[in-house]
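A, B, C and D label the chains in the order they appear, each numbered from 1.
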Amino acid sequence: MDLTHSPADEAFRTEARSWLAAHVPSTPLPSLETGEGFAAHRAWETELAADRWSVVSWPAGYGGRDAGLLRWLIFEEEYYAAGAPGRVGQNGISLLAPTLFAHGTEEQRARVLPPMATGEVIWAQAWSEPEAGSDLASLRSRAVRTRGGWLLKGQKTWSSRAAFADRAFGLFRSDPDAPKPHQGLTYLMFDLRAPGVTVRPIGRLDGKPAFAELFLDDVFVPDEDVIGEPGRGWRIAMSTAADERGLTLRSPGRYLAAAERLLALWQAHGGPASMGDRVADALIGARAYQLFTYAAASRFLDGTPIGPEASLNKVFWSEYDLVLHETALDLLGREGEVADTRWAEGYVFSLAGPLYAGTNEIQRDIIAERLLGLPKGRR
Amino acid sequence: MDLTHSPADEAFRTEARSWLAAHVPSTPLPSLETGEGFAAHRAWETELAADRWSVVSWPAGYGGRDAGLLRWLIFEEEYYAAGAPGRVGQNGISLLAPTLFAHGTEEQRARVLPPMATGEVIWAQAWSEPEAGSDLASLRSRAVRTRGGWLLKGQKTWSSRAAFADRAFGLFRSDPDAPKPHQGLTYLMFDLRAPGVTVRPIGRLDGKPAFAELFLDDVFVPDEDVIGEPGRGWRIAMSTAADERGLTLRSPGRYLAAAERLLALWQAHGGPASMGDRVADALIGARAYQLFTYAAASRFLDGTPIGPEASLNKVFWSEYDLVLHETALDLLGREGEVADTRWAEGYVFSLAGPLYAGTNEIQRDIIAERLLGLPKGRR
Amino acid sequence: MRFLLTDEQRAFARSLDALLTAADTPSVARAWSAGEHTAGRALWSRIAGAGVFAPAVPEAYEGMGPLPVELAVAFVELGRHAVPGPVVETVLAAALLSGAPEHAARLLPPLVSGKAMATVGSAYALDGDTADVVLVLADGKVWLSPGCRPEVRPSLDPARRLAVPLPGGELLCPAVPPDAVGWARLATAAQALGVGLALLDRTVAYVGQRIQFGVPIGSFQAVKHRLADAAIALEFARPLLFGAALSMAPADIAAAKVAACEAAYATARTALQLHGAIGYTAEYDLSLWLTKARVLRGAWGTPAECRAAVLRGLRLHG
Amino acid sequence: MRFLLTDEQRAFARSLDALLTAADTPSVARAWSAGEHTAGRALWSRIAGAGVFAPAVPEAYEGMGPLPVELAVAFVELGRHAVPGPVVETVLAAALLSGAPEHAARLLPPLVSGKAMATVGSAYALDGDTADVVLVLADGKVWLSPGCRPEVRPSLDPARRLAVPLPGGELLCPAVPPDAVGWARLATAAQALGVGLALLDRTVAYVGQRIQFGVPIGSFQAVKHRLADAAIALEFARPLLFGAALSMAPADIAAAKVAACEAAYATARTALQLHGAIGYTAEYDLSLWLTKARVLRGAWGTPAECRAAVLRGLRLHG
């Protein structure tokens, strides 16, 4: 049992830290949920990629450093400790790319991954539909066979980043006669500027267009943009979803940095004793999340797949993040109402945590049934 | 809208206050969950009754003062503010007596109520059975017809006060062939010292015998101790249960006094700012419970029956009571571990609140379905 | 002792409810958020005409006050309908001006009638970009400000526009009347309770019709229990509000504000969770109440300030 | 970096688990509560023989320490089985005596072997009525006490007997070694985690077989979600415990103690609620863990003291 990193890993940390110290913008970029901010964040992805810091865990051939899970965790710790910008490329990098590594063709990887790494192509996800929120098996958007490819018809929603992104990926019903609802789905990539695509940005609570509705009217997708076998999309997506809820969606580095900022805020307000317990709990929670992740990573590196404990992780970080931001706003007192601050923006972002990537209700059902073995029942 | 009491009611308050100031024991009685304490509390009931303070809301003919709901609330405020002992007669006074007033015969009232008022006869309740906790309709203990009465057979459990009490009341299955499980039940009173009754005291968490198991082996109950019509016991009991969960099980006076004591404890510990919010919330909660009760009492006096809002009340007081005692123990720090203190005893008592008199899970189902109108579902 | 609203008070609430339902208040609030004040000013005149501000103004200045219970009744409705604008601040301005007789006769009657809209602030003044009367609390004194800078800072509640008062102005009172802030707190508590009740109602309706996994999500026990907890919190805040209105004691008002604001915010969290993504969008009306529930917690007394006032002053036995 | 227990550490836990399962530890605990110490002393020898105390004692005094990770492994098992007696206090005594070489050679080896049982207290000393060595912390010094008064005060956990040390005694150390209490806190955190895990396991088993309304209550969503929350709290406390054992930094230990004790207590509340009345009885074994979960929160560092230590010392970037 050992929590110390190898000298080589520590050297990697030092290298990352030095690069970040020299490159992280000294003033925050505009919100990435605005057109101006999106462009600034895309430029930052390009800057990261120029020195191979945008996708450290990928193979070198695609722009990465073959960094492995532990170095990825180290990089994330340094990244957020340096106060670096949010990652506008995250949908592609942490959701689509693992799917391509597992299920894509060599041709797809060579074509799709390098421009993803440089920020030249920013990806949106297109999972949800108006009638299929937590219940993904009830998707209704269609992919209809045509010569050399597929025609997409239907509607997607809650497509994060789609207001400004270039391309999207998602599941479409290619065989409406399949015997079960989660069969007959196909995993596709498509261009958000292709003919037939209408993107309607949706404002989140603060009005910023953090996601969009997609109306798809006979959008042509060539066969080369199908991932894996047609009709097998559900299984392919579930492996992506397991990643999404697993170790890589929210790195511990993010919360370690946030908790340190909260402590500084509390101290700057004179360290009021009435708020001390909540600040202490934020510090404890960040450390717990870090160490939980190191334990899970150690098991994973030992060959144990990430199982239903991914649901523990999802509930924990999403509630932690929200409570941390609520504590910050309470410390700010009446100033906490002002919306164009980092804390307020983080608060609005954190409000979505418990309800996306599988609502926390679904996650608790999974924990109870799959981890604890309680009997299934109607929910 | 008016929160002031009439001059006559204030005079009643003054009279109660004076009497209590002159009579409340200056040192606390031993725990009423012990034999010694039970006897001391019974003597206190007798002392209350001697000056007609034991059952203020009953008619004068049975030992009361015809006090009405508002004066009962006033009396309870004064009673707990004076630091008076817990009421060992409460099962009879607040559960059985209302049933007798509603469903008993004049003969039963004349025979049962006066010795209940004086503490000569202390009553235990006998509702639950081992396989019927929250699911009372599944009761299995039998009442079998015999000449001039009934023979009880079976087992009851969680019979509070039964370790030391004189008599008990409960529901028994008199018609096992009734078409529905809540039909064919009969409401009976019986003697805990009758032949065939075995009382096995059960220790609560601190070991004190706060309740007992009752083994009933052909226990004879004369017809005169059946309340209402045989076979109609479920409906009769439900009206009692509605009272139990309604306004009279836990008076606001109890929590007003407890919150004041908590404030004094906090102040005695130097008023630590880190605990200030919790103490403030205890004060706020006690006031909220008092005012909620006055509003409910006003509606009731206007002719509106107590409906599913009784479930709001049950969840509130039971969780409030526990949190209040947890706060006190936390203020006491390591001293909070010592069990033979008033706070520790109150804590152990409060732990039972959320799980008896209808678990809080059942109460929340009721609130959701009957008050909010959400669709029924399997739980 | 009859701790129930009178028939007249209930009728007042119903009339406001009807007025605000007919007025399509959500679209008025959206326009207000965008800085388009025409519809909001029209609604303002109507609610003033219906008597929303009169309970806070003495009869000498064309009001009907002090009638804090009626004020609370009105502000629950304003919260239930997410009425935009400096409604609480106008009440506070009235309370402050009542202590400055030389100005009251001139400034108060237009506030009662709705011809003028007032705001009160310090670093920021809510909706100071459109208010006719801007009071500023600074150095423990009350100032009549020359107005606010035209640009506003955004609030987490888009319908609240935070304007920065211009420096200078006329001294109105050498000291802030101690009871005045109590009126603002009471009105805020009432508004918060109304916000929470609206969130509960809308969420109950939503989970009754939203189908997932083949059934209405309102039949799931986890959903039921969250809504039951919201109902409990709101229904125990309600008597605190009216009890405080009856006594107007600072600690009672503070207790009511804590309970109402915490209940409303907890209900907002539940409402958002049970709506899922659609609740997180600005275009869905729920957002009008969700965002307000958060910011009312801090307005005119943070939870910490109010709990401190409770510890200082709340005595449970009279 | 490999943040996992080794095979040897897992085997150590398994062997203790087997030993304590075979020993019918619940009945040992019940006898202990009644002041009948024979079975408990016998069990004490066996757990000491299995190596429970050796990790806290340096090799120079016949221990194997310092091995805080192994200590944590052992104490999770002691908690899981509700082992009675001053197990934490014996660890603390070992840590205190290690700083007093003139006494250590005499007093420590019997603690390692289980021949002697130690306790440490101030106002009260846990199980001081039976312990062979009683240390007292007073005035910032460590004293070797002549013993305790025979009568004990009851604890909320009946298996914990609070004895009052007799006055006087021999001065052992002029100052409490700063790291010593850390060992007690770590051991308490581990014990609490074990208590919480046992409560979760027993409750999961119970709700799977308890039928109400025709189905196992474990199929109700409200039941599932409470148990899921308990699992989350415990599984995030676990890495804090072992991380603290690796660093032995005071703030890390304090963080682990807060998290483990709060998780165990929350699990106890859930366990009681889901068991219903039977969980509230002393005769049902669940009570052994329920009551311990409450009192461990306060032992060797209250939540308030531990959170203060976190604020003073926990730095997240190294």
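Definition applied: a residue touches a chain if its C-beta (ideal position, glycine included) is under 8 Å from a C-beta of that chain, and two chains touch if they have at least 3 such contacts.
Bear in mind the structure is a predicted one, so any value in this text is a computation, not a measurement.
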What's the overlap between the neighbours of chain C and those of chain D? A, B
Tell me which of A-D and A-C has more C-beta pairs in contact. A-D
I'd like to verify one number: the distance from the centre of chain B to the centre of chain C, where each centre is the average of its C-alpha atoms, in whole angstrom. 40
Separation of mean Cα positions, chain D and chain B [Å, integer]: 38
Would you give the residues of chain D that are in contact with at least 2 other chains, written as numbers and ranges? 215, 219-223, 225, 303-304
Overlap residues in chain B, where contacts from two or more other chains coincide: 272, 274, 276-277, 361, 364, 377-379
Residue positions on chain D within touch of chain A in the complex are 1-6, 9, 69, 200, 204, 207-208, 215-216, 218-221, 223-225, 227-229, 231-232, 235-240, 242-243, 246-247, 252, 255, 258-259, 303-304, 307-308, 310-311, 314-317
The chain C residues in contact with chain A across the complex are 123-124, 153-158, 160, 162, 211-213, 215, 219-223, 272-273, 276-277, 279-283, 287, 290-291, 294-295, 298-299, 302-304
Name, in rising order, each residue of chain A that touches chain B in their complex. 272-274, 276-277, 377-378
Mind listing the chain C positions that touch chain D in their complex? 220-222, 225
Name, in rising order, each residue of chain A that touches chain C in their complex. 128, 131, 133-135, 157-158, 202-207, 211, 272, 274-275, 329-330, 333-340, 344, 347-348, 351-352, 354-356, 359-361, 364, 378-379
